[in-house]
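Dropping the structures in below, format is structure tokens.
In what comes next, chain A is part of two complexes: it sits with chain B in the first one and with chain C in the second one.
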Partner chain A sequence: MTWSIIDTWIVIIGALCAAGCAIPGAILVLRRMSLMGDAISHTVLPGIAIAFLITGTRDPMAMLIGSVVVGLLTAFLVQAIQTLGKVEAGASMGIVFTVLFAFGLVLMRQAVDHVDIDPDCVLYGSIELAWFDQDPEGLGIPRGAIVNGVMLLANLLLFLLFYKEFKITSFDPALAKAQGFHPSFMHYMLMTMTAATAVAAFETVGSILVVAMFIVPPATAYLLTNRFGMMFILAIFLSVLAAIIGHVSAITIPTWFGFSGTSTAGAMAVATGALFLVAWVVSPLDGMLVRMWHLFSTRLHVVREDILGVLWRLEERGQKELLPVQLSEAIGTTPFLVKIGLQILQKRNVVSKTKLLWSLTDCGRKQAATLVRSHRLWEVYLDKHFPQDVHQLHQSAERLEHITTPEMQVKLGNAKEDPHGSQVPADE
Partner chain B sequence: MPSLEQIVRVLSLEDYNTRVVVLGVMALGAASGLVGTFLLLRKRALTADALSHATLPGIAVAFMIMVAFGYDGKSLLGLLIGAFVFGCIGVLAILGIRHTTRLKDDAAIGIVLSVLFGLGLCLLRIATELPSGSAAGLSGFIFGKASSMVASDATTMGVVAVSIALVTTFLHKEWTLLCFDEKFGSVQGWPVLRLDILLMVMVAIVTVVALQSVGLVLAVAMLIIPAASARYWTTKITPMLIAAASIGCLSGWLGAVVSALVPRMPTGPIIVLICGLWFIISFIAGPKDGLIIRQWTRLYLNRRIAKQHILRAMWEVCEGNAVPEFTVDSIVYVRSWNKRTVIRLLKKVSKLNYVTQLPSGKWLLTEFGFAEAARVVRNHRLWEMYLITYADIAPTHVDRDADMIEHVLGRDLVAKLELLLDATKIPQSPHKIGVTL
Partner chain C sequence: MKVEAGHSTTSPVSIHDLTVAYQRKPVLWDVDLDIPEGKLIAIVGPNGAGKSTLIKAVLDLVPKASGKVMIYGRPFAKQRKLVAYVPQRESVDWDFPIDALGVVLMGRYNKIGWCKPVRKKDIKAAMESLDRVGMADFARRQISQLSGGQQQRVFLARALTQDATIYFMDEPFASVDATTERAIVKVLGDLRSLGKTVVVVHHDLQTVRDYFDHVILLNMRVVAHGPVDEVFTDENLKKTYGGRLTLLSEAADRLARH
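For the complex of A and B:
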């Protein structure tokens, strides 16, 4: 890998662009309007094309105004078709942005003699060439960095200025309206921010990959935190990280297979996706690993209690010890879980092992008695209040016994005998 | 401008190229109209958008695999199979994100769409460097390249359209059930999940076939716009299917013709624009929920309400008088209208022969008008009585509620009220009439 000043600037521009997108993007994700970002970034194209046709120059200000106007028009039309035409929101967006995008493509083909913009640029952007487009003062800063940097600052400023308005209108628009905030004003301000950000990012990463910058880092952050402010910090951090990983992998990974490199903008989008995948799996809130761990630990908890219950009932009938295989058969679960359960219980000094046979210790006998007491009290309770077949009582009580707290047990009463005729162990 | 001769040549499909493109996109339009109808009713419009964007890496991967095994990388069938596989992966990823994270549909669609599209761009760039086989034409799938279609492509589109028409006819009832009441369907024992999968597979097939002519960015437009337009012409599913297929077909034909006649008109975007035009026309002029019809019904209702209000006002002013004559001022006194509105309304109802103006400047209710006004007042008061007796609302508060309901009381309801309240004549007003000052 050879790294040069050009690569540094590519990463800086990419990071500025991605961070700038993350701010409106996070609000869009929270409001469940992510696809509005998709629609608006598509309609940047007709905005730019119209601005070209009217002014005849590539004046950035005209481009910005053109795109923001068309972006707002998109937001307005989507709303109008949805409410006036009784069309579902998704379909309404689909209709508006495809038609406007098609219009932009036709305009571009028609104006191909006057302007130097081609569909490829729409797709890839031109971040690789951004370094060569220097600012007029000759400070050595590429124009892309200035444009995206200014956009990031503007977004940051607006966000901080309207922090509480954005927060309240995102989570409870009705309350916001009742309290005198203007949800529709905030809506159109967000749309303006989105459109302006999309046009600034357009030259860098192209009109479709902007969507990745808008949606993916905020969605990733959403998986990682429950706090509003933290989500924005994380989203910005993740988008900068994605920009760095994206460019580095764009110039390294293909070389392992003998290719020279690939599209940086595309790789940045893939990098955001990769970060999302990582968060999806390892998020401490509800990532897949955490979910699996919860499931596993709950099952283990139940198995441990079932072991105690089985051993206690055994003693009730005069037998004292069991093989692990017999236990797993009695509980109806895998030997593996029983083995782990037994080991944990042994460590807690609740069961003891003599040769291959397991039995309860004194301490374990107490715990097991409480559990069986809950079970049998539940059977009494259910039999009394929800009369049913006596055999079904056991199934319901089997579930309830694991979630019964001591306070609940007290409220279940003081019966001496369960509906099957077994003694209820005394409360200790 | 194209000459007349050119137009005739294009319209009569004389050129081989035009013929292929026109027939191909017409078949595509019809097929996507049919499947799109169900897609729209199932509220999956943007899932289809994600699906079409997700096909791009599939195209690149298929190209690389084919080149690696020494085949021609440009085999259309191979590329489309790759596209189909990745389209399905995209839909599965959306379902996975939705079911295993707390993100909602919109974010799931956005993530899959943009990340897979980015992956596709990366792979395409790499594919162009492959030593054998040129990947130059692959990016044509993004914006569509109808001009490169050959006869076999048009045949493929035709076959797809016919098979989709057959499947739609065959599964018409089941898919309708799926769209309108999925839970009822599963209770009735239909294989709802399999029907749903089959629908998405059909959507994937249409999308993949559309890649070549309209491109993957705009493929979703062909699916939803004809269906959404058709919805403004009918509320029944079979006519909607036919209308959507016809609109799709017609847009395809018009688009292909325009792009053949006018220079520098890309076929795909033009077809989408024409679809958009259809949508605008339907949105405004469609007889079901169209803008004009809705405004007109509203206007009509408002007029009827105003007419009934003035009738009731006149009757109440004359209540108890021997001769039903009154002045404009007395009406102004009981209603919250200004004088100009009252005069305008009086002139309107006098055209209907409800009132006549006396030479003295006073107004007189005609016999016909008196009967009609009595009916309106009766409805109003019956409802007031009902509210007082059965809904336990204070007599001073029933006027407004009755104001709204009196216009929609049908004959049956009035008969029921009479029975319930034991009222055959016009009851007395339970509250003071007129604006309380």
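For the complex of A and C:
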């Protein structure tokens, strides 16, 4: 990998662009209107085309104004069609942005004949060439860095200034309106931010990949935190990370397979997706691993209690000890779980092993008695209140015994015998 | 103070000839009433009677087809600080990344004003409100981890921290646990003893007599309103819930079609 100043600037521009998108993007995600980012970033195209046709130049101010105007028009039309046309928000967005985007394409063909503009660049961006487009003063700063940097700064300032207002209008628009914080004003401010950000970003990542920058890092941050402010900090951090990972992998990974580098903007978007996937798996809040761990520990808990129950009932019938394989058969679970369960129980001094056979200790016998007591009291309770097949009683009680607290057990009463005629162990 | 003719200036909420329609179908029709000051008032009526809509129309949350609402003789827009609102629990996204304290603080935003940050005294006030509904220990809990009843109490605390004169609550008792129901009843009593006016959309006919002083029986129109002892009679309930009014809703349907 050869790294030059050009690569450094590509990463900086990518990071500024993605971080700038993350701020309005996070608000869109929280308002469950992420696709509005999609819609508006597409309608940047007609905005730019109209600006070209009117001014005949690539004047950035004209492009910005054109895009913001069309962006706001999109937001307004989406709302209007939704209310008047009796269609859901998705359909309404579909109508507005595809038609406007197509209109933009038509105009763009006209514009191409007159001004120097590359439709490919509009769609996919040209971050790789950004360094060659220097600022006029010759400070050595690419124009893309200035444009995206200013946009990031503007978004950051607006967000901090209207922090409270964005929060309340996103969470509870009715209360916000009743308190005089005009939700529609905040809505159109957000739409303006989105449109302006999309037009600032389009030369960098294009009008399609910008949607990834709007939505994916904030959605990833949403998985990782349940604090409002922290979500924005994480979203910005993840955007920067995606820019670094994106460019580095764009210039390295293809070379491993004998190709030259690939599109940085594309790789950045893929990197945002990869980060989302990682967060989805490892998130401490509700990630896959956490869920699987919960599932596993619950199952293990149940198996441990079942081992105690089986051994206790065994003693009730006059036997004393069992092989692990007999235990797993009696419980109906895998030998692996039984093995782990037995090891934990042994550590807690609840069961003991002589040669290959397992039996209850005195302490274990007490715990097991409480469990079996819960089980049999549940059978009594269920039989009394919900008459059913005796076999089913056992099934239900089997599940309920694992979640019975001491207080619940007291409420279950003091029966001496279960519906099958077995003794209920005494409360100790 | 400039007052429109025909309106009571002493009534906390004076509603004059209010009609609200969704897509041309009237939901509320010529509602006309003065809500008494310092009372606990229940709005009672069947599903679709326009109970929530009445509150929302007062708070300018839905457009009025016609009619006027005055808060102490002036339009709501000028009296926002006098009014607190507890929306239905289902109206917000409880997965929103915010804790209970954060939600309650929103009740102070109006006092803080546009673009200014939350102050220490706001946090103190919000904590006191949480304490009043027995939720102080849950201040830092993410709202999705609260039970339905606890979420309702957070909403109640948010209204309390608005420190208003008139409180509107939309079904605060809907599917809550016994602890929450007791907490709400206690708060209602406290508010009454402070001379506040509380208007509650209520669905449980059994508890109307126990919890409220005044009742508004609503079914598109006001069927009856007044002190619970006088108005909350079997005959009035029959009128509110009974079949005689289906003619009215039939008319509303026809109006929507034409």
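FYI, the second predicted complex is superposed on the first by the 428 of 428 C-alpha atoms of A that agree within 3 Å, B and C clash if a C-alpha of one lies under 4 Å from a C-alpha of the other, contacts with A are read in each partner's own complex, and residues count from 1 in each chain.
Going forward, contacts are C-beta pairs under 8 Å (C-beta built on N, C-alpha and C of every residue); 3 or more make two chains touch, one makes a residue touch a chain.
Worth saying up front: this structure is predicted, and the values here are computed from it rather than measured.
For the composite obtained by superposing both complexes on chain A, the positions of chain B and chain C are in clash.
Look at A:R32: by the touch rule set out above, it reaches both chain B and chain C. Put chain B and chain C next to each other and count what each touches on chain A; the higher total goes to B. Applying the stated contact rule after C-alpha superposition, one finds that A:T225 touches chain C and leaves chain B untouched. Of the two partner chains placed by superposition, A:T370 touches none, neither chain B nor chain C. Of the two partner chains placed around the shared chain by superposition, chain B is the only one that A:Y124 touches, whereas chain C remains out of contact.
Once the two complexes are overlaid on the shared chain, A:K167 sits against chain C while remaining clear of chain B.
Contacts of A:T98 after superposition on the shared chain: chain B is touched, whereas chain C is not. When both complexes are overlaid on chain A, the residue A:A178 reaches chain C alone and has no touch with chain B. When the two complexes are superposed on chain A, the residues of chain A that touch both chain B and chain C are 32, 222. Those residues of chain A lying in contact with chain B across their complex are 29, 32-35, 37-38, 42, 81, 84-88, 90-91, 93-95, 98-99, 101-103, 105-106, 109-110, 112, 119-120, 123-124, 208-209, 211-212, 214-216, 219, 222-223, 250, 254, 259-263, 265-270, 272-273, 276, 280, 286, 288, 291. Interface of chain B with chain A (complex): residues 40, 43-46, 48-49, 53, 97, 100-104, 106-107, 109-111, 113-126, 129, 139, 142-143, 217-218, 220-221, 224-225, 228, 231-232, 264-266, 268-270, 272-273, 275-276, 279, 283, 289, 291, 294. Those residues of chain A that touch chain C in the complex are listed here as 30, 32, 161-165, 167-168, 170-172, 174-181, 222, 225-228, 230-231.
Listing the residues of chain C that touch chain A in their complex gives 56, 59-61, 77, 80, 83, 85, 87, 91-93, 96-99, 102-103, 106, 109-110, 112, 114-118, 142, 144, 158.
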